[in-house]
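What follows is a set of structures to go through.
Across the two complexes that follow, chain A remains constant while its partner is chain B and subsequently chain C.
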Partner chain A sequence: MSDADAPGGSASGPSAGGSEAPESATAALVEAARESDLGLVVGTLLAIYAAATLLTFTDGLNSVVGLLETLTFLGLVYALTALALNLQWGYTGLFNIGVAGFMAVGVYTMGMVVRSPDPAFGPPGLGLPLPVGIVAGMGMAALLGGVAALPALRLKADYLAIVTLGLSEIVRLSLQSSAFDNFLRDTIGAGTGGGRGMGMPDNPVRDLFLVDGQAGTPTAFGDLVFGVFGSDGLGISQPILIGWGYIAVLAAFLVGFYLLLERLGRSPFGRTMKAIREDELVADSLGKDVNLVKIKVFVIGCALMGLAGILWFGSQGNVSPTPQFRPLLTFYVFIAVIIGGSGSNTGSVLGGIVFAAVLFEGPRRVGGTVRGLIDAQTPPSFADAVASLDPVTFLAYATENVAPLQFVFLGLVLVFIIHRRPEGILGDRIETAAAVDLSERPAGGESDE
Partner chain B sequence: MSSDAPDPSDSAETDADAPNPGDVAATDPVTATADGTIGEPEANDSEVEEAAKHVPSGSPSEAPPLRVEGLVKRFGGVTAVDGASFEVESGSLTGLIGPNGAGKSTTFNCITGVHEPTGGSVYFEGEEITGLKPHQIAREGLVRTFQIARELSEMTVLENLMLAPQGQLGESAIRAVTPGLRGAVVEEETALRERAWETLEFFEIDHLAHEHAGNLSGGQRKLLEMARALMTDPEMVLLDEPLAGVNPTLEEKLLDRIHDLRADGYTFLLVEHDMDIIMENCERVIVMHQGSVLAEGTGDEIRNDERVIEAYLGEEL
Partner chain C sequence: MGTTDSSIVDAARARPGLLFVVLLAGLLLVDLAAKLAGVGLGPIGGSLSVDRLGSNLWNGVVIGLVIGLAGIGLSMTYSILSFANFSHGDLVSVGAFSGWGVAFLIAGLGDIPVRALLTVRDAGNASPGAIGAHILTTPGAILVGLVAAFVVTALLAVALDRAFYKPMRDRDGISLLIASIGAALIVRYLLQFGYGSDRRGVTASVDASNLAFDPLGLSVNAHELTILVAAVGLMLAMHGMLQHTKLGTAMRAMADNKDLALITGIPAERVVTATWIIGGGLAGASGYLYVLLRGTIQFDFGWLLLLLIFAAVILGGIGSVYGAIVGGLVIGVVFTTSTIWIPSDFNQAAAFAVMILMLLLRPEGLFGGVTTA
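Here is the complex of A and B:
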């Protein structure tokens, strides 16, 4: 089959192999959606959009589009990071729980390389162009990944996890340290900003809409877009429109990540990765250089994590080590991969989107909306809420404090998934690890059975 | 036949065969009759083609494919292998037997690089391979199967086989993803897929090609292991109890395959507990006891060796 070497949205052949006749119309529909990966992702997004619209449509179009923008942004950046992690954990079985550290290294390196040497405030940078900064960020994350891989050669899963978690914390605490900041300023002339963090370079997407990124001076393209969708047209605010512009960039990167990783997976290299995940000794005994492959996987995966960090946090105006690059971030990404089904790239994309929309952002939004509908005083403490014996008061308390309760919710969902469907949404699929279609015997030989 | 304790009728049968075990192996009556009864013309064809494509280069005149000299392996205070020395002749099917704890598996692990020997040396086709990593040894053309089948359970049978060949272009990550270079990878994969199918047919597990290897039965896993080992294009295969836990029909099938392949020039070293199988199938037998080689010779010689009887076979024989 010729489409095997173009494993984009049309990668339906292998996944369709081995499917049985569906039992009902719904099952048939689900089956059809599962066969088309693109359909699956778009369908999930549309379902999330519909729910979000339902939640906010009373507040007007601007709120709806704004919420959709937030959800899509988060979904895409989680999908990007989940893809990178899936390469290491899903395919190769390398238990890297230092994702946050590699992302931090990527985005900080980018910031230090690109920031002006003499900024109005914040640490100085090297003043190089943005593409150089992005490549440097990826390179630095890859380098750190290579260093992290060295213990990976000798450590089994749990111990590797401890090492990578430690590494990620070392990165975070180093970036936070003012001594390290001063040291870098003295030696290479670019600093990290210590605990205060650093402002990120201007987003080129913003320049596409606004001259020099200044509000109030739209470019010709900006004029056109703002005219149609903005205050003169549909009434959507400019930052939201620019946000959608950036989402287009993220989507392009997501497609790039996906194609790269699918190609990597559907190759002899991908087979070796899977073999290492299944049984290292077998891979070794069949003449595969297990250590070399592990190093490569670490380097590639960490470079992608660095890039994901740049795309995610580089667009957020300011980065600082402590709230943003806590190990919690790593666990969020792991949850995304687990939900989607480790070992499946499409699953990782889906998992990222579902996690960001349904588990991460969803509860807060739903909680806020529900709180708005309840006409009751919020009790000052949990004890008061329980003591009131009034479900409405209790709900008011719960929705008011949805952020901490979210963790309870997250935990319950994880327990449910691990118990009921440990393979995730798409983890049961056979992801072919070959550059050619394996679903049937090509002409020449007799078909199987 | 497969029971460890030889009953009188069994040994009578083996005795009838025994007068000339060397001839038995040379003319391969087992193979011929079994092929006739099983009847698999298409598999035979592809097997011949396949054998023609990658016949091991070793010829009997060269240095012995495998030579082990004074191999020692200690785990802390325990000496598992204590100065074992033996040779395996090119193109032979050599049996390695010994009571439990004699050091057979440890010797295997030392030869294949899983363990680093404490002392002694291992030569493969004249080259020293002592202390090399398993993948380096596999690349030299010396591959093994495992006592407990180690299938890659979440990969399909076909993928298991396609993993094995050495030096695939697409094992380079850059070649696998770069648009211009991927063409050659796809081409190679197409050829590889065909070869994997032929190998599956040869072992009569082609109907399982798309099954996850973890869903296979114990015997099928053994077949898969051997098929996978052969896909590496080896010169020599070390079989660690390939018949353990295999039913008699499948056992016969596996032995047929081994004899066919041996006739094609592959060299085999076979660890097995079942005396009858070793005596009937191997032209040379090495007996290990307490970490060193106790005796070496034809089945007959071994059977009549006083020390072997004392150490292992008991007075029955």
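Here is the complex of A and C:
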């Protein structure tokens, strides 16, 4: 939390006047962190780590590191997905609320391509190598994105929203369907597993630590890591250490996504995207092929969503269409983008991290901790809690049922941001397209006819 | 501006799609006829009893009426406030829970604790049979519940408007849409917090509640008949209001051209409030009726229904009240009769597909244009 408090402290520093030099040094550091996007992201992450450590340090190092691992994983996957969405919505103004569907297509295609043709349980797959599966997953998501782009060419933003939502529900219902599963098994020899879902292929990161991913048979590298951090060293459990290994992979992908999108945003293509967002008619009048740009953006964005889906759900052991790919997932990602400010890549990363920690995982942990402190029976229902007329009993009910309250909080945050700070934390930064700085006009320019 | 040119190009572009849809519809009709006649011609044909088709159609009409009723409000808020309201589905749920709480209170007061009744069986362990809410045994309770559903939901809709939408009246549709997603989350999960998350039975079962119509081979449930009467009654009232009252004229004017309406001195805020009262109230009533039809309730059923309601509204032409009703009927019938051709896992997907096709081929909907007439 100290990092989060720092800007406030340094702002009051100069006026206090006392110890000038160290205060200004902190202020300079904070200023530098604000200037640099990386510093901002790392600072936020450190603040979240500090808060998480405060919440769990009594339970020992293992649970602290475990919580940090969960928060970092969620933060990174939300950041990845938010970046992909930011390309479509933030840069080009395409209001796609079918994110869950594109992620589902990506991860399911990957699973169907990579799974063994004759598995011990679950649907059969094609048995191809993992990289082929990842490329196929991205390809299918991109293909679906291309199909979804067709309505985008003709429809207003709110219609497009409904179409993409409908499309993502069609995807989910299809994956849920056992008839579709059987049809795929008969035609291409790989199934979806219907409502039960399918197990995901082995994570290569796990194989880095364990021979064939089997617990109890560490590789040489695994031996080294487990020896230093594991039960013989710091006492951190093996799954958490492997989780951190995967986080390194996710972080590498995040950097890749970020660089790709920044590069894209600054290119002539990126300027066309922004022009379409601001005024489609103007972009069209200037001879830009608006439709082609929209299709390309949809295809690229959806491919990235597919990849994010693979990196996220592909590492979770098992995927199933419901509830994992409900539209709620899309709204989570949207909230992450909105918090960060649509149109800003750094904002998307920051929004993903803040959303995952503060809005998604935070309330559950805090609720659980508070519930542990209350010494009262949980009433079976809200009406019983109210009828008990006992605030402690009511609090016990509220903290036991913190999940719905968390969504209410999420809704309130969403409405608050839209009301007060529609540009998000970072917002749409000033993007100069002109060669000279146009923001500084000579005085009296308004009277100029 | 060359609009005639582009519309011709659009029409030309739309034609192959339209042709495809017409051909598909023709094929399905031929197939249906072959199925009814019991002849199999290769892939098409098969067997289908007239009774099954009849009951499919009837079920589709009943569900369609409920969806259409809910769609009226969605269509009105779209045309008058110019945004797609994603919290509409949760207004449907609110109507169901509040209405059934009141209906239970009247039907079961005395024998069963009030908290079990008001929370629609979340607290306590009273069975639906013990409460005995059914149109044939407790018609008064069902009717009062319908009124309560309308009133409570209308009040909530106005409150949501004051709290969330009014401060951003001048903002663009997407901002309002996002705010409505926030409102939807708030309402839905407050419902879960207050009423619990489990799906549970609501209506009691009563012997001899089926009325058979022999010549048509239809078996009509008393609750389905209630829905038919209530929904058609509310729709007619809506029609009368729109066409024959000052408020209705003002609403149509606002929907047609907001600036012009404001210039002529229409009190915009009052019309907006009336829109929320009527639209929200109808949404609540439709949720109440949907539970009467299905017999079960769950905190997020309205949200799950929302996309079907959108499909209905888009099909009829977003902004048109009559379009919403017709669209609801079409979506309802597609929803139930599509199971003749495709597995029942896909009936919802079929309804969405019809919506997407409609948007691609004729975005203005069956009735076209943004008018509340």
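Definition applied: the second predicted complex is superposed on the first by the 392 of 449 C-alpha atoms of A that agree within 3 Å, B and C clash if a C-alpha of one lies under 4 Å from a C-alpha of the other, contacts with A are read in each partner's own complex, and residues count from 1 in each chain.
Keep in mind that, in the parts below, contacts are C-beta pairs under 8 Å (C-beta built on N, C-alpha and C of every residue); 3 or more make two chains touch, one makes a residue touch a chain.
Keep in mind the model is a prediction, meaning the values are calculated, not measured.
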Touching partner for A:Thr53 - first (chain B), second (chain C), both, neither: neither
Partner chain(s) touched by A:Asp279 [first = chain B, second = chain C, both, neither]: first
First (chain B), second (chain C), both or neither touched by A:Asn318: neither
Which of chain B and chain C A:Thr369 touches, first, second, both or neither: neither
Touching partner for A:Thr219 - first (chain B), second (chain C), both, neither: neither
Residues of chain A that lie at the interface with chain B and also at the interface with chain C: none
Contact footprint of chain A on chain B as seen in their complex: 42, 112, 114, 133-136, 138-139, 143-144, 146, 150, 152-156, 158-159, 162-164, 166, 168-173, 175-177, 182-183, 185-186, 189-190, 193-194, 197-198, 201, 206-207, 209-210, 212, 228-229, 232
Contact set on chain A toward chain C in their complex: 95, 150-151, 154-159, 161-163, 165-167, 169-170, 173-174, 176-180, 331, 334, 338, 380-384, 386-387, 398, 401, 404-408, 410-415, 418-419, 422
Residues of chain A that touch chain B when the two form their complex: 4-5, 17-18, 260, 263-264, 267-272, 274-275, 277-279, 281-290, 296, 300, 343, 430, 432-436, 438-439, 441-442, 444-446, 448-449
Residues of chain C that touch chain A when the two form their complex: 83-84, 115-116, 118-119, 122-123, 164, 167-168, 171, 173-175, 177-179, 181-190, 192-197, 307, 310-311, 314, 318, 343, 345-346, 348-349, 352-353, 355-356, 359-360, 363
